[in-house]
Amino acid sequence: MLTDMEIEKLSRRLRRIRGQIEGIERMINEHRYCVDVLQQIGAARAGLYQVGMIMLESHSRSCVVEAIKNGKEDDAITELMGVYRALHK
Amino acid sequence: MLTDMEIEKLSRRLRRIRGQIEGIERMINEHRYCVDVLQQIGAARAGLYQVGMIMLESHSRSCVVEAIKNGKEDDAITELMGVYRALHK
Amino acid sequence: MLTDMEIEKLSRRLRRIRGQIEGIERMINEHRYCVDVLQQIGAARAGLYQVGMIMLESHSRSCVVEAIKNGKEDDAITELMGVYRALHK
Amino acid sequence: MLTDMEIEKLSRRLRRIRGQIEGIERMINEHRYCVDVLQQIGAARAGLYQVGMIMLESHSRSCVVEAIKNGKEDDAITELMGVYRALHK
């Protein structure tokens, strides 16, 4: 579970990333130089990775710990590995 | 240089990614299960990577080839390596 | 803690990766075509990632679960996040 | 084409990476703490990425430039995109 402060912080980061994506759409339609667009794509991807890491840490500290304390460790770890593979792409 | 068809195709992909990001913001604010959110983050990142690869290929086939034919290979390759590194994050 | 069977399996994978690296060294010294060498480098990196995922899963199922059951969740998760970041590079 | 100096430099890096892999095999067989092993795996992967980037740059500056100047740009770029995808894993 995310705290209200975490939700606020993540929402702000996601809004900024959404703004970057809008910026990329605009740059493409304005025929801006590909290299500048590609740098922005890299920045948006890096931003999403940071959001993912923050959520993953929060998820681990709450849901995963809770699940393990309730003896549901097998499912919790299987799920965690799936998430990690999804984020790594 | 992107062709009009490439711009159309990339714009469509970017709109879809922007929709995914909005979805992630909503999911977070609705306290949805972190694992579902994390899978969406992974999907958005993978989508951005695909957009990056399409642009990188188009850039290589036009600007990089052009630059090399005009003897500006040193700068073109230096720039290309910078883009690779930016996309890999 | 890795089981004996896991150690055997990982050792076999690592020997194969070591063989790939030796192969890459040989290819470079024999002036083989860069693209073939680069494909091998990609394969060795992917192999190391698989080894990392196997170890990470085993570590999570044993040490992390153990630590959490003993109330040492804070350190265990901090360490886990550090490992994620190290593997992602 | 790699110069003799590049071959020497890459061979040295690859020998170091091979040593890291041997070290990882040893650590696993000595039941060393998984987290330390995982950090080493991350370091070896990062080392291979650097080797890949050096080769990719050298390949681009020689073979790709040569191919483009000889009008074989289509194949050269297709190959380059394949290499980039292979390295990214």
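To keep things simple, chains are lettered A, B, C and D as they appear, and every chain counts its residues starting from 1.
Everything below uses one rule, namely that contacts are C-beta pairs under 8 Å (C-beta built on N, C-alpha and C of every residue); 3 or more make two chains touch, one makes a residue touch a chain.
The structure displayed is predicted, hence computed values, not measured ones.
Interface repeat of A-B: among A-C, B-D or C-D, over half of the contact pairs recur, by residue number, only in C-D. Distance between chain C and chain D, defined via averaged C-alpha coordinates, is recorded as 16 Å. Taking each chain's centre as the average of its CA atoms, chain A and chain C sit 23 Å apart.
In chain B, the positions touching at least two other chains are 49, 56, 88. Chain-to-chain contact here is organised cyclically: the chains close a single ring, every chain touching exactly two others. Within the complex, the chain A residues that touch chain C are 49, 53, 56-57, 60-61, 64-65, 68-69, 73-74, 77, 80-81, 84-85, 88. Chain B meets chain A in the complex at residues 1-2, 7, 10-11, 14-15, 17-18, 21-22, 24-25, 28-29, 31, 33-35, 37-39, 41-46, 48-49, 51-52, 55-56, 58-59, 63, 79, 82-83, 86-89.
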